[in-house]
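The same subunit A turns up in both complexes below, where it pairs with subunit B and then with subunit C.
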Partner chain A sequence: MAADEAIGEREMDELAELACLYLEPAEKKMLNRRLNALMELLGKIGEVETGGVEPDIHPGILPPRFREDEVEPSLSPGRVFQNSAHRSDSFFRVPSIAGEGPGGA
Partner chain B sequence: MKLYEMTALELSRLLGKKEVSAVEVTQSFLERTGSVEPQVQAYITQTPEIALAAAEMVDKQRARGEALSPLAGVPLAVKDNICTGGVRTTCASRFMEEYIPPTDATVVMKARRAGMPLLGKTNLDEFAMGSSTENSAFFPTRNPWDLQRVPGGSSGGSAAAVAAGMAPLALGTDTGGSVRQPAAFCGLVGLRPTYGRVSRAGLVPLASSLDQAGPLALTTADAALLLSLIAGEDRLDPTSSAAPVDDYTGALSQGVRGLKVGLLAEHLPPEFDSEIIAAVRRAAAALEKNGAIVEEHAMPHISSSLEVYYLLCAAEASSNLGRFDGLRYGRSESAENVTAMYSRARGEGFGPEVKRRILLGTAVLRESRYERYFLQAQRVRALIRRDFEDAFSRFDLLLGAVTPSTAFKLGEKIEDPLAIYRGDICILPGPLAGVPSIALPAGTVSGGLPVGVQLTAAPFNERVLFRAAHLLEQERGGRPLRPQPAPPAL
Partner chain C sequence: MEYEAVIGLEIHVELQTDSKIFCGCSTAFGAEPNTNCCPGCLGLPGTLPLLNRRAVEYGVLAALALNCQVQEKSIFARKNYFYPDLPKAYQISQDDYPLARGGYLEIDLPEGSRRINLQRAHLEEEAGKLVHAGDSIMSAAYSLVDYNRAGVPLLEIVTEPEITSGREARLFLEELRRLLRYTGVSDVKMEEGSLRCDANLSLRPAGSSELGTRTEVKNLNSFRAVEQALNYEAERQARILAGGGEVIQATCHWDDSCKATVVMRMKEGAADYRYFPEPDLPPLLLERSYIEALKEKLPELPRQKRQRLRERYGLDDEEAAIIADTREMADFFECAAESYQDHRNLANWVQGDLIYQLREAGKEIEQISPALLVELLEMLDRGEINRPVAKELLEEMVKSGASPRRLVKKRGLGKISGTEELAPLVEQVITENPEAAENYRRGKKKALAFLVGKVMALTRGRADPQELNRLFKEKL
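Up next is the complex of A and B:
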């Protein structure tokens, strides 16, 4: 792995934010170290000659299957909410989303 | 012989002849569990009341003369990343500690409808990420052959339960070897079916292009019985195959005469345990003696499987695990805004291996690395698949090792995850190509631990796996491999 491909402190913060993972500072350092060791091992994939090879996203054994777009019975609200602590009537209740992100108030 | 020492097929025959009741069978496994589970710790949740209620139902149905599944009354343990309606499904994660699925996974629904009493939910590496069951957020499971050693993973709880006589059959999931590796470490038969052969509906996803459910069993016949039950098309899983389900049990006695077998050169390197290489060569000789044609065969790209698997699995896992937000289910946290709520729930609910893989997947899916890591891994995956297509244009079967060594000691590799990853090298290529593989016991080695060998076939050709695996089982004496000495009871 080239030095510029190593994950630094700043990128760790970005990755944690992208992945929605709160990390304690000591944990972040430990994960950063292990992640870089892993990236170094996995970086060997670049050594394989793949000119002209199409990426394989799936085992590809099965043809695509389709079904009619019809309304079917689904879970009752009671079952949908049975594992949630954030119910408000027939809704999931979340804290304010205002003020988040670059376009937030 | 006690009931808990019998194979699923033996129990099925006794039940069919009404020589024992399903309740007696279930009680035998529950009693056995009561005595050895404190040492082995295979189960996260035990469900004796559910098991006995199902067994009573089967006994009533049999008394009424109803037509029953061959597995009716034969109990089952289920890995705890497979949803069980009304029974908590934790994925061995603090995040999901209290989660109770509203419905059964299709494989569980099929087992319950067939009258298989559900004994409980078995331990695993958190979200199936690991190869030792030490990554469980709750406790490590111990190998019944040597309680100081790991049972393998991630389906280690399922394997330990069957090996210790706490269940005659178990379901596991195999994304990158998680049925076959614990089968080898615990002296069992473990089958990874073709991608699409068994429904994934209700399996908590790790990597959707790789995940499959499969049986852990004492014998090839038992594995064939369970596969026959769970295989088939499922409208809840659009990647399940509509191909008819073959007669797997009928294939068992067909022998190997005329089959062409490729002996995988990459599975015989000097750094592997010499006794494992010897076991693979003995299996090759046994197949040859019985009429198969065995030739050594090289697959040039499978040595890159480790890199391809861990890149693609992490990328898919980072996306799949995005659903765990602590809002609809799972660990719940309060926070001033919604992003902080998600981040705290995930930060506190996930363990270190899960976080590492989510971060790895997030890193390789970023624009700056996408081409060089993610797309490159997908290209090499295509080359690995071509290696298999080429192999199956010449051979009916591929024979190789399951693991480079026998079960390692608890804690031995916990600080070196890369060493654990490297141990998966023989079991990663198959899932990348979607092909079926079976791990089966090949005896014990000098330390008294079991060793396995692996057979791989072309897509949807599980029958040929069962033919060869059954023959090798017969050559070994035809009986299950059992821990010696048995795990001590309290």
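Up next is the complex of A and C:
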């Protein structure tokens, strides 16, 4: 791996962990190559002189759209659990979360 | 070495809208699990968020009440993390461009008032609610998820790290709750989770300006828990540092039954959330005129109200604080004070007996007419009833809403005075208590009080004690 590449092996491992992906060495190598190609393209964009230009956060120039605060019907329980394999009464059932993930609103 | 605590709070406030922030599902608390969910709440592909106008309005109102600078442009961003309470695997929040920046809240400490500065306030969506099967979060075999809460609008308020103790944190939260309740944007119930607080705490050598390694304390479900947990955590860190150890950046869980913090996980840095602008929502643009119009809608806030109550009605700090605790209580007091001039006496009855009776009867102050309390106090002032009877009437008045004057008539609770009515009772008591009567004649002054007490008991406290004193003295 070239020293000037943006994403090295350590960054690759970190990204895989954040994305909750287990990657085989070959997959990791392939994705690493692709990500670095992307980073190179982004690097080119980064060369453009943008000092004093306000970043465009959103592509569209849209007027703000709101909905009024009115309650609309929700899904029936049957539809809510339609695709769920793990259900306990009216709850979704998931593995215990103690000690994992960042969590919280 | 002396250490001082540096505490910053992150407060989540559920905004009291009828529907969720990005969809029309109900926000009602306590519904059957997973019944207030649509494809958006469940994170199903292809759903799009549409912003609730009232959530923005409430967020702006709260920010203005907190003296924040509301931004004309703010941006929603995706905060990415994997956790079962978050079905999309990202939370729509705000990052670099929050709804409001700065601001402050003043709290009253015994040594004077103190301004706690705020970093920011931003809008975001609630996550779902996890229920842990088993005895505790650490030993749970599995977790259950209810997505009813997912998408309820939240305002996150972040303070600067300048709170110095558990006590200060508690006072800050109490004042914040009062303020938000005044603005009407949230019901701020800690027990229902509509007001929640996480805290960051680090220690530094007293007088130093550097920040030490911090821990985050979660699961603070009451004001008392906030105070206890932060004091505990400060002591825990001080013990580590005193023993030459190093505090490790981590998230702790407050265990209220053991009164201890438990380290849950090593904390990851903020960059791990990989924030990026939410492509499904345009920037939130607010006209200055809209913000100014909302400013006009703000009610008088607790601090100003307390000051006015002190100045206008001559109340002391404590009386003003109790009466201005809620807008409704202050409105009640001021309405009664219009027609009843002894304001201190009024304040005394409101903060004491009335609040006690309301609590006993499980009633709210709005259910009581101020005119009835005035009627009661005027009857007492004119001597038509005595104090014990007034208290009895207040209890009944709060329970049934009945007029005290009518209750007196109905139950014959008026004061008994005049020789004609009292003299036979005095005679009776002397006959029934010859020993006490004899003692008084021999000069024992205490015997008089005993005899008067006997008549008071016979009349259930309605007799005029001064007149009884006079009558007994004449007789004996």
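Some observations on this one:
Throughout what follows, the second predicted complex is superposed on the first by the 93 of 105 C-alpha atoms of A that agree within 3 Å, B and C clash if a C-alpha of one lies under 4 Å from a C-alpha of the other, contacts with A are read in each partner's own complex, and residues count from 1 in each chain.
What we mean here is this: contacts are C-beta pairs under 8 Å (C-beta built on N, C-alpha and C of every residue); 3 or more make two chains touch, one makes a residue touch a chain.
Keep in mind that what you see is a predicted model, and the values were worked out from it rather than measured.
By the touch criterion defined above, A:Leu35 lies against subunit B but remains apart from subunit C after alignment on the C-alpha atoms of chain A. In the superposition on chain A, contact of A:Pro25 is made with neither subunit B nor subunit C. In the superposition on chain A, A:Pro77 contacts subunit C only, with no contact to subunit B.
When the two complexes are overlaid on their common chain A, residue A:Ala85 makes contact with subunit B while staying clear of subunit C. Contact with both subunit B and subunit C is seen for A:His58 once the two complexes are overlaid on the shared chain.
The partner that reaches more residues of subunit A, of the two candidates subunit B and subunit C, is B. Once the two complexes are laid over each other on the shared chain, residue contacts for A:Glu68 go to subunit C alone; subunit B is not touched.
With both structures placed on the common chain, the touch criterion links A:Thr50 to subunit B but leaves subunit C unconnected. Overlaid on A, the two complexes show subunit B and subunit C touching the same residues of subunit A, namely 18, 20, 57-60, 62, 65, 67, 75, 80, 92, 94-97, 99-100.
By the touch rule above, subunit C contacts subunit A in their complex via residues 12, 17-19, 23-26, 32-39, 41-42, 50-56, 75, 80-85, 91, 97, 124-127, 130-134, 137-147, 154, 156, 198, 218, 264-265, 268, 272-274, 277, 279, 282-285. Here subunit A touches subunit B in the complex through residues 5, 7, 11-12, 15-16, 18-24, 27, 30-31, 34-35, 37-39, 41-46, 48, 50, 53-62, 65, 67, 75, 79-80, 82-86, 92, 94-97, 99-100, going by the rule given at the top.
Interface residues of subunit B facing subunit A in the complex, by the touch rule stated above, are 98-100, 102-103, 194-196, 209, 235, 238-239, 241-242, 301, 304, 306-308, 310-311, 318, 322, 325, 327-330, 332, 334-344, 346-348, 350, 352, 355-356, 358-360, 362-364, 366, 369, 372-373, 375-383, 385, 417-418, 421, 432-434, 459-460. Across the interface of their complex, subunit C is touched by residues 18, 20, 57-60, 62-75, 77, 80-81, 88-105 of subunit A.
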